[in-house]
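In the two complexes below, subunit A is the common chain; its partner is subunit B in one and subunit C in the other.
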Partner chain A sequence: MSAPNRPQPLTPYLFLLPALLLFVVFSIYPFFLLTATSFLSWDGVFPKNPFENVQTFLQHAVGFQNYREIFAGDPVFWTSFVQAGTITLLALTLQNALALLLAIAVNRKLPGVGLYRTIFFLPPILSEIVVGLMWFWIYDGHFGILNEAIRWIGRTTGLAQLAGWRLAWLANPKTALLAVAIIHMWKGFGWGFVMFLAGLQTIPEELYEAARVDGASAWARFWHITRPLLVPVMVVVSILTVLGTMQIFALIIATTGGGPGYHTEVPITRIYQSMLGSSRFGYACAQGIVFGLTLLTVSLIQMRFQRRATS
Partner chain B sequence: MSAAAITLWKQRAWRWLELGGWHALCLPVAISCLFPLLWMVSSSLKTQQSVFTDFRLIPLPLHLENYMRAWTQGRFGLYFLNSLFYTFVVVIGVVSLAAMAAYAFSRFTFRGSGWLYKLMLSTMLIPIPGAFVALYILLTRLGLVDQGGGEWLPRLGYLLPQINAGVPFGIFLLKPFFDKVPKELEESAKVDGCGAAGVFWYIMLPLARPALGVVALLTSLSAWNEFLLAYLVFSRHELMPLQRGLLAFHGTHLTEYPLLMAGMVISIVPIVLVYVVMQRYIVQGITAGAVKG
Partner chain C sequence: MIRKHNHLPHRMTAWCLALVSGGLLLNVAGCGKPAAKGPAPLRVWHWMTDREAAFNELAKRYQAGTGQQVRFELYAPSEVYAQKVRSAAQTDGLPEIYGILGEMRDVASFVNAGHVLSLEEAMQQDSSPAWRSVFFPSALATNAFQPGNAYGVTPGVYAVPIDVMNVQFFYNKKLLAQLGLNPAAPPATWKDFLSVGKLAAARNLLGFVSGWSELWLLDCFATDYAIHTMGAKKLEATYRGQVPYTDPEWMKALNLFVELRDSGVVAEGIVAMGNKRAEQLFANEQAVFAFNGTWGVNVYRSMNPQLDYGIMMPPRVLDRPMVTWGGAGSSFFVNAKSPRRDEAVAFLRWLTEEPQQRYLVEATHNIPSNRLAAVGLPQHLAEFADDMAATVHPRLFAVQEDSAVLETFDKGLQSILIGEATPEQVAKEVQVVKRRIMSREASRRPAHVRP
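So, the complex of A and B:
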C-alpha cells in the first residue's frame, strides 16, 4: 500500500480553476472595464476600440467630465434616485412591518398556518416580468379589474365621487410611482416574512414561558424578548430591501418603462437609457459607479447601526 | 356559574378572539396574494372580446384553445424550451463549479485561499449596479451578443455570466457542509487509495447531496426568472427565454391579453410546481444566510 499521498500543492487550484476563470472574466475584468470606461466619451462603436492601446484610450479620455455632468447637469438622474428612494422607504416601512406582523401571526400552532406560509411566499418566486404584466392588466385604465371594482363599490354604496377614482393608474403622473411601489411591495413582503419567520423560530420557547410565568404582557414579551433577538435579522432584511429596491429594473420595464414623463424612472433605467438609448457608454459607466458608491455607503451605515444595536 | 368556570370561559373567549384576530390579518393578505394570479388564469380563458367586458372569475365556456395558440402562434412553446435549456445548463454549471470551489476552500489551505474566498463572496453583498454596462461591452467584444450571426455564441453569452453570478452563493451554502465532514472519513478514503478527486466524488458530493439540492433549486428559480441579461443579449425570438419573450409579445401584441395571460400561465406553471413540492428546501436556502447572521 502506498503511503497516504500528501495533497499536491496544485490540487486546490485545479478544483478552483473553472470558477476562478469565469470570476476573473465576468466579475473582476468588467469591474475594471467599468471604472476605466467611466473616464471615456465613447458610443460603443466609433471611432475605435478605446482599449486597443494606450493611444486609442487617451483619444477617448475626457477625465472627470462624465462625473461633472452627473453632478452638475443631470437632474433626471437624481430624480430617479429620489423615486427609487421613495419606493425603498415604503418597502422598508410598510412592506417590512407587514412581513414582521405576518411572521409573528404565523409563528404559532394554528390551523391553516402552513397554507398561509405557502401563499405568502408565492409572489417572491414569480418573475418581475410576470408580476409587472399581471398588474399592468389589473391597473389598466379602461378595462382593468381595479377600476371595475371601484365602479362596483361606487354603485353599490351610492358614492358617486368614487367615479373620479377610476384612473389609468400607471399612466397618471400622480399615481404611477405609488402604483409601481404597491406592485413591488406585493411581490416583496413574502420574502421578508420568510426571513422573519426563520428568525422567530430560533428564539427558544422557554424564554416566552418564563416571561409568561412572571406575568409579562404580550406586548412586553414582544418588546423585551422578540425585538432584541430579532435585530440581526432585521438588519439583514433591511439591507437587502434597500439594495433590492434601489436596483429595481425589470418591474419598471414591464409596467411603465419609466414614464409617464420621467415619473417612474429609477437609476438602473437611467443607466440603461444612457447606454443603449443614447449610446453614451462612458457616461453610463460613470452613472453606475456613482450609484454603486451611494448604495455601498448606505449599506455601510446600516451595518454600523447593527453593530451599535447588538453591542 | 363558579369563578373557575368564568375564568375558563374567559380564557377560551380570549383564545378565540386571538385566533380570529390573526386570521382577520392573514386571510385578506392571502387573498390579495392569490387574486392577481387567479385573475391572470381567468383572463387567459376568455376571448379577445370578452376579456374586456366579462368580469367573471370563472368565464364559462373556458377558451382553452388560447393555450394552444399561445404555444404556437405566440411562440411561447419556443420560449419555454429555451428557458428549460438555459435553466438546465445554468444549474449544472453553478452546482458543479460551486461544489468544486467550495471543496477547495473547505479542505485545503493554499496561498490566497483566505482573501480569494472573501473576494468571491463579497460579490453577493457589494452592489455593482453599472456592471451590466461593462458586461455588455465585454460580451460584444467577445462576439457573444446576438447580432445576427451564429446562435450558439449569444446563447453562451447568456449562460456564462449567469453561471458566474450563481457560483458565490453556491460556495457560501456548500462550504459549511463540506467543513462538517469528519477528517477521518477523508483519511480512510485516502488510505484506500483515493486521490483528492476521489474524495470529492465518492465522499464529499454524496454527503452534501441535500445542500447541492438547495443550490440547484435556488439557481433554477433565478435562472428561470432572469431578465436583464436576456434583455441585453438577445434580439432574435428563436433564442429568447420566457421572460424576454413575454415582454416581446407584450410589445408587439399590446392588447391581446388572453394570449399574453396564457403565455404567463405557461411561464409560471413549472416554477409554481417546483415551489409547492420543494418549498421547505427553498425557504431553507433563502434564510440560511440571514439567520446564521
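So, the complex of A and C:
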C-alpha cells in the first residue's frame, strides 16, 4: 500500500524557524539598513534615526552622491583595493604553496610529526595585534632583529654594505607593503596547512600503491593523483584566502596604521576611517557595499573555476 | 536493547531542555531589579583606564561625603569607546556622565541630538569661587561653542575638563651633555635643534622621536609651526577656504619637514612609529628629544624613574614667540536626557574642586584643570603648566578643517619625511581635496544660504 499524498508536517519548518529568524534579524535586516544608509549623508548621531519618517530621511538623502564620490573622487579607496589585492596575490601563491608543501611533508609517517603539526598551527591562533607588535620589533629600523641579523651577516662575510645595514622596513614605501604581506602570510599559512592535510588524508593510499606498481615517479603521483583530488580543497582554501586577506585590518593597525603615507592602506582601514575618523556613516556604508560586491564577484568567479576544474 | 537505545536521545533531549530552561530562568532572574539600598549609582563612562584606581578612590570619597554612589566604567581602547558611546546614543543608553571622543563637529552632533546638557546655567550660579573661574580659560573654551558657530549649537559651555594638557619637547639632559651641549640651555632655535641630528648619529643615538604614525600627533607639530610661521588668522582663513594650501607661507611651513628629514635629526622610521614605541625609546635613553604630551611625565616615571629630562617649547624658527598645541583635557559631559542630570552636575562640580583636583595630580600626574590646584606642582608638570598661556587648539577656531583634508595633509607630511613627495606636490594634493570638500558642502547647503 503506497502512502497517500499527505501534507508535509510542519515540524521541520518549526525547527528551522529560530535559525531563520536569527539570520533575518542579524544579517538580512542589517544588510538592507546598510544599503539604505549608503544613500544618506549622516554622522551616526544626529538625527538619532534618519529613517524615523520620510521627512527626516529626505533631509539627509543624497541619492547616489556617495557612490559617485567613491568612483570619481576617492582614488585612495581604489589604491587600497590594489594594495589588498597585492597581499592577496602573494598569499594565494606563496602562502598556499608553503602550506601545501608542509602538509605533504607532514602527511608522511615521520617521527615528531605531531609536534610539527602543532608548531605550524601556532601562528593562526595568535592574536593579530600580538603578531603585529612582535613583527614590529623584528622590523624595527634601529634595534630590530632583522637588521641586526643582516649586519651580522655583513660583519662575518666582510660585506661592508650589509655590515652597516639600517632599514626601517615598515616605514619605507618600497618595503612596507611587502613587510606587512610577509607577516600576514606567516600568520595565515597554518589554516591552509590544516585544510590541505585533512584533504591529503582523504586520498586512498591504494591509488599511490597502484601508481608505484605502474612505475610512476613521485612527481607523476603528485600531478596525477594528489593534485586533481585536492582541487576542491584548493578552491576552498583559495576562497578563504581571498576573503580573509582582502579583509585584513587588525594587522595593519598594529603595524603601520595604513602608512607611510597611504602605502599600506586597505579597504577596511578606509571604511573605518570614513566611519570613525570622518564620521561619514553614509559614505562608509557605500564603501562597504562596493567592497562587499567586489568580494562576492571574486568568490563567484572562483566557484566557477572550481566547477570547471572538478568537471 | 532497542528500547534502551531509543530512550537515550529522549533522555539527552530532556537534559538539554532542562539545562537551557534553567539558564533562561537564571537570566530572567538576573534581569530583575536589584534589591534597592539607597539611590542607584551615578554612572560615568570614560576611556582613561589607567586612572581607574584614582577614580574609584574619588567615588568612595564622594559616597562617604554625600551618600551618593558613583560608578566609573572605563573602556579601552579609545576607538572601541568611541563606538560604544555612539551606539549608546542611538539607543538612548548613555549614562549620566560620559566623555565624547572626537572633534567639535562630533560634539555638536551629540548636542543637537539632545544628548548633552548645557552647563552654562550651572556655571553662572553663585558659588564661591564661581565654578567657571576655577578653570584654565583655554580648558573651558575648548568645551564651549561660541556665538555664530558653524554647527548651529546654542552658545555656551557643554563639558568640564578634569585635567589639561599640552604637547612639548622632552629632552634628555644626560644625552645632551654627552653630545657636548649644555643641558641647562637646550637648543631653543630650529637651526640649533637640527644640528643635533649629526651629533646624535655620530654616537649611534636617535635625535628626535615621536609617534608620527598616529596622524594627530604629527598634526599637532605641524599646527604649532603653521601658526608660528604664518599666524593663527591665516590658518583659520585656510580652513575657511580663503587661503590655499599652496600659499607661499604654507610652503615655508611644509619645507620645515624637508629640513627635518635632511638634517637626520628625526629617527628613521618615525612615520611608522606609534607613540608607545617613541615613549619606550626616550625612556630607554636611546633618543635625545621626544615630542609628547603632558601624560609623558607619568609614562616616563613608570618606565624609567631615574630618567633625567627637561621640558621645552618647540624650537622657534622665527624671532617670535612659539606656540604649543594643547589647552584641552579629558572632559566630562552630562546626559541631558537623564532624569538625574542635576546630581551629575553636582558630582562634576565636586570633582573639579581643589582637594579632588590635588588628589588627581598626586595619583595620575597630570595638570589639573582647576588653576587653584595647579599651584606647587611637581617640577615637570610645572614646566608644562607654565606654558598654558601659549597653547593653541583647533577647537578654539570658529571653523575646523575637514577631516579628509587633514588626513591628506598629514599623510602628505609623512610622504615628505620619507622623501617620496615634495612640499609643492603635497600642497597641490591637499588643495585638490579641499576644493572637492568645499564643492560637496556647497552642493548640500540649502539654496537660500548658498553664496
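The rule is short, and it goes like this: the second predicted complex is superposed on the first by the 279 of 311 C-alpha atoms of A that agree within 3 Å, B and C clash if a C-alpha of one lies under 4 Å from a C-alpha of the other, contacts with A are read in each partner's own complex, and residues count from 1 in each chain.
The rule we apply is simple: contacts are C-beta pairs under 8 Å (C-beta built on N, C-alpha and C of every residue); 3 or more make two chains touch, one makes a residue touch a chain.
This structure is a prediction, so every number in the text was calculated from the model and none was measured.
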Partner chain(s) touched by A:Gly277 [first = subunit B, second = subunit C, both, neither]: second
Which superposed partner A:Thr118 touches (first subunit B, second subunit C, both, neither): first
First (subunit B), second (subunit C), both or neither touched by A:Leu295: first
Partner chain(s) touched by A:Gly44 [first = subunit B, second = subunit C, both, neither]: both
If touched residues of subunit A are counted for subunit B and for subunit C, the larger one: B
First, second, both or neither for A:Val82, with subunit B first and subunit C second: neither
Common ground on subunit A, meaning residues reached by subunit C in one complex and by subunit B in the other: 44, 49, 136, 142-143
Interfacial residue positions of subunit C with respect to subunit A in the complex: 79, 82-83, 86, 89-90, 92, 102, 105-106, 109-110, 112-113, 115, 206, 213-215, 267-274, 277, 286, 402-404, 407, 411-412, 414-415, 417-418, 420-421, 436, 440, 444
Footprint of subunit A on subunit B - complex, ascending: 19, 22-23, 25-26, 29-30, 32-34, 36-37, 39-40, 43, 51-53, 55, 96-98, 100-101, 103-105, 107-108, 110, 113, 116, 120, 123, 125-138, 140-141, 160-161, 163-165, 167, 171, 187, 190-191, 193, 195-196, 200, 221, 224-225, 227-228, 231, 243, 246-247, 250, 257, 260-261, 264, 267-268, 271-272, 275-276, 279, 282-283, 286-287, 289-291, 293
In the complex with subunit C, residue positions of subunit A that touch it: 41, 43-49, 62, 65, 69, 73, 136, 140-143, 166, 168, 170-173, 176, 255-257, 259-262, 273, 276-279
Sites on subunit A touched by subunit B in the complex: 1-2, 4-5, 7-9, 11-13, 15-16, 18-20, 22-23, 25-27, 29-31, 33-34, 37, 44, 49, 98, 101-102, 105-106, 108, 110, 112, 115-116, 118-123, 125-130, 133-138, 142-143, 145, 148, 186, 190-191, 194-195, 198-199, 202, 232-233, 236-237, 243, 247, 249-250, 253-254, 267-268, 271-272, 275, 281, 284-285, 287-289, 291-292, 295-296, 299
